[in-house]
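Look at the two complexes coming up: chain A is in both, with chain B in one and chain C in the other.
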Partner chain A sequence: MTSRLFSPIVLLLVLTFLIGPFLIIIAASLSAGETLAFPPQGLSLRWVFKVFEVESFRASFGISMFLAIGGTLAALILGIPASYALSRYKVPGAETIRTIVSSPIIVPGIIVGLALLRYFVVPFNFGILFALFMAHTALILPYAVRVVSASLNNLRSDIEEAAVLLGSSRVGAFFRVVMPNIRGGILAAFILGFVTSFNQVPVSLFLSGPGVRTLPIDMLSYMEITYDPSVAALSALLAFMSLGIVFLAERFLGFSRYV
Partner chain B sequence: MFQNRAEAFALVLPAAIFASVVFLVPVGILLSEGFRTGDSWTIQAYIDFFSQSLNQTVFLRTLKLAAMVTAVSAVIGYAAAFAIVNLPPKGKGRITGLVVLPLMISPVARTYAWLVILGRTGFVNQALVGIGLSDEPIRFLFTETAVFIGLLQLFLPLMIISLISALENMPRDAVPAARVLGANWFQVFTKVILPLTKEGLVIGGTLVFTGSMTAYITPAILGGSKVLMLETLMYQRVTVANDFVAASVIALILIVMAFAANVLLKRLATARNKR
Partner chain C sequence: MSDLRFLSLEKLTLSYGKNIAVPEMDLDIAKGELVALLGPSGCGKTTTMRAIAGLMAPSSGSIILDNVDITRSPANKRPVGLVFQSYALFPHLNVYENVAFGLKLMGVRGSLLDETVKEGLKTVGLSTFATRKPAELSGGQQQRVSLARSMVMEPKVLLLDEPLSNLDARLRLEMRNELQRVQKESGVTMIFVTHDQVEALAMADRIIVMLDGHIEQIGTPEDIYNRPISDFVADFVGFENVFSLNDGKLKTANGMVALSGDIPADAKGLAWRPAMVTLGDGPFEGTIRGTSFAGGTREYLLETSLGQIKAECDASLPAHAFGATLKFDLPVARAASLSRVGSL
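== the complex of A and B ==
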């Protein structure tokens, strides 16, 4: 009897702990009051609208979007050929190359950001935005290689060998035979990269300059000065955005198969 | 398998060179800075770092919090994963989805929620004062407890999903068989479930431990300058004091501890295996 009650109670407690704070954020963002509070003082959408009026949020949202989309595309452009070579060719030192390419996951992001600031931005006068772009690309690269490699390994290599035997060039075989078959994996890698980059804080921490900072960093600094519910509203909006993307991905390509 | 080496290198090198130039080389130089004073190589910076009591406190606190979060998430994780695995298939998928859901939400948003809950005028304090359990608001924010709670919420899903897949790979009859043979639940857990799922525990444990140790957002929001952890200390050293040597020392400590945790947990897993 006790064990029959045990499971539902455990699940209820764990889910309350994991999901509850998110629901509280949504409730707090609908408050009509001046300060952050739960339960909210009256209901209104004023803070949700306020989010769109804050100039710095608009600017940093644009930068985060650019980094998430551009960085992921760059990581895929570098990562797809590398994954292809690692799964279809005998590459000397394949393990070393794999380690090098996936190293940005292992080392804490804050160190990467600091190192780029100190040895790229300062001495070579690189722009902050350029450094951010490089850092985000490096950060997404391991995910791109892992997800694309997985879907390449699930694809039998005889079909492209058959295409080559039938007279197609290697490049032609890749674009006409391999690419259409790993499209789902590439899309999954894109979504994973996008979400990772968009939510990323430590890498971008040191890489922020006048007018150039990512949205999460901007939220952190806004929180330090103001205690109004607009950050809660923004958090809720962003959460719905990520969840929407992941939900659509799951719906149309079975995202979780790839990740 | 294609044999053409030149082609293989042409495909793989751009990614490898990019990761080296943007990542390995700058990080390498940063790490070397902690060992240099002028022209000579020394470990003086490390001696200086560990001789300051603030740094010792932060170092030990980081280790302690990461270990506590890992241990507690393992206990909760087993209970939750066990409950989920025994659900009917449809419910299993849905509940697993709900567990994974927070991972897709920005950690800033997830940590921010705790401000609303634990703050001075927050939900918990209103309830405590309202019921009459406390006369005035209790200070939760900027304590180790707040950071612990925040980290646990952030990383618990990783432990649960690691344990779910481990429990699912366990032979179906193992637990009922042990029960029939007279083992109590404690024995079932230590003698059957734990040995059979230790790989999942190690994977989850490594993710949670290194994640908590290298967390920045949670200690920054919920700990502030009162409860510094290694990453917030590093940020402070750089922005307040321009002290890149200390930053380099902290960077190496973080990397070494992450690797050490990885190796140690793997060892633990294989050691139990031999018995």
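== the complex of A and C ==
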């Protein structure tokens, strides 16, 4: 009897830990009070509207979007050919290359951020936005290579030879028969990269500078000064955005097949 | 003359890095022929086929097709089609689009494109499957789409890599007839690679038997089946009792054995199918170590002073018991005389 009760209880606990904070944040953001508190003091949407009025949130949202979309596109432009080479040719040291490409997700973000700042941004005097863009591209690249490689490995390579024998060039064969068949994987990599970049804190923390911050960093510094529920409201909005993207991806692409 | 040498390989050498897979191969194939490249895996038949298709660059020698040297022309510019063993259909395109793929690249458009694709699908009996995706087709249907996709390009030579190996036994028979029909109706020169001698014998006008990168024998199915010239070919087509000759005597595990009868002067070896062994009478004796019933015939595995002998007789004759001793003969008059031995 105990074992029959045991697993539902564990399931309930896990779900509470996973979804609980999210529910608390939503509740806190609907508060009518002046400070961040749970349970909320009264109900109102005023802090949700406040989010859109804060100037720095709007600016940093723009920067985060730019980094998430731009960085992911750059990572895909670098990652697709890399994945192709790793899966189709006998590249000397392929395993080493894979490990190096994956290292940004293995090494803690704090260290990556510090190292980039100390040995890359400071000595070469790169602009803040450029440094952030490079860092985000590097962080997304492992996901791009992993996910696109998985798609490529599921695709037979002889269809490219078939396309060539039907008159296509090698490059043409890649765009005509390889790309359409790994489209799902590329979209999955894009979404994964986008979400990773958008939620990235430690690396961005080191590289952000005056006037140029990503949204999570901006939220952190906002909270240091102001302790109102608008941060909770913004968190809830962002969580819904991520949820929406993943939901659409799952609905139309079967996202979970690729990750 | 050029029709007999429609496709010529001249001293063609193919290698992977430092490993030579096919050294200096010479081969002529006539226009409209259905040729089988037959051999065990690793004999170089697939490599040869890939070189003809342009998927592999030869290290020396040349390939002439219809009086044009195509040795250096890229694969996508050669008038050569290839049906892959795995069919290699494009998974994101439906049957119609798969067949139209090459035609579109050639610049065929509009009603001509539509007619050609439909004609191609009709030839292989898949007119009603035009909108299906490859994943929704059986192996045999995928094979037909692959065939149609290559055939609509009107290649001068159509290559097929193990065309029947991925099909089950019944489909295989059906597809054999289908391939023959398409080849005869279109008159395309067709070369198929196979490791299955039954397939080669059944379909081909001419068989090229390959071993270790060289051509062991070229001949009609009758030649190959009845008159193998080497111990390897003999064994490959079912002459299960193969012996080398030395001074007109059979070389066996237990020394030299003389045979009665006139052995051809140039023979280096003799080979008998199980059915060619005379059972019940003769100068030799063997103990039955195995019997198997095969419908019309019964096969015996005999342990003899010549080594193991496989013999076969009509199944309607009374069966011999396991362990019984039988007299038998290897009649020289029925044997295939081999002019080359040592490859086994």
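In this text, the second predicted complex is superposed on the first by the 259 of 259 C-alpha atoms of A that agree within 3 Å, B and C clash if a C-alpha of one lies under 4 Å from a C-alpha of the other, contacts with A are read in each partner's own complex, and residues count from 1 in each chain.
Keep this in mind: a contact is a pair of C-beta atoms (placed from the backbone, for glycine too) under 8 Å apart; a residue touches a chain by one contact, two chains touch by 3 or more.
Everything numeric in this text was worked out from a predicted model, so none of it was measured.
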item	value
Clash-or-fit label for the pair chain B, chain C on chain A	fit
Which partner, chain B or chain C, touches more chain A residues	B
Chain B versus chain C as contact partner of A:Leu78, first or second or both or neither	first
Which superposed partner A:Gly211 touches (first chain B, second chain C, both, neither)	neither
Touched partner set for A:Ile111, first chain B, second chain C, both or neither	first
Touching partner for A:Gly62 - first (chain B), second (chain C), both, neither	neither
Per-pair minimum CA distance [chain C against chain B, superposed on A] in Å	10
Chain C-contacting residues of chain A that also contact chain B	none
Chain B-facing residues of chain A, complex	6-8, 10-11, 14-15, 17-19, 21-22, 24-25, 28, 35-39, 78-79, 81-82, 84-86, 88-92, 97, 100-101, 103-104, 106-112, 114-116, 118-120, 134-135, 137-138, 141, 145, 157, 170, 195, 198-199, 201-202, 205-206, 216, 219-220, 223, 231-232, 235-236, 238-239, 242-243, 246
Complex contacts: residues of chain A adjacent to chain C	155-156, 158-159, 161-169, 172, 176-177, 180-181
Complex interface listing, chain B residues touching chain A	1-5, 7-9, 11-12, 14-16, 18-20, 22-27, 29-30, 76, 79-80, 82-84, 86-87, 95, 98-99, 101-102, 104-110, 112-117, 119, 121-123, 153, 156-157, 160, 214, 216-217, 220-221, 231, 234-235, 238, 244, 247, 251, 254-255, 258
Chain C residues within the chain A interface of the complex	53-55, 75-78, 80-82, 84, 86, 88-92, 101-102, 105-106, 149-150, 153
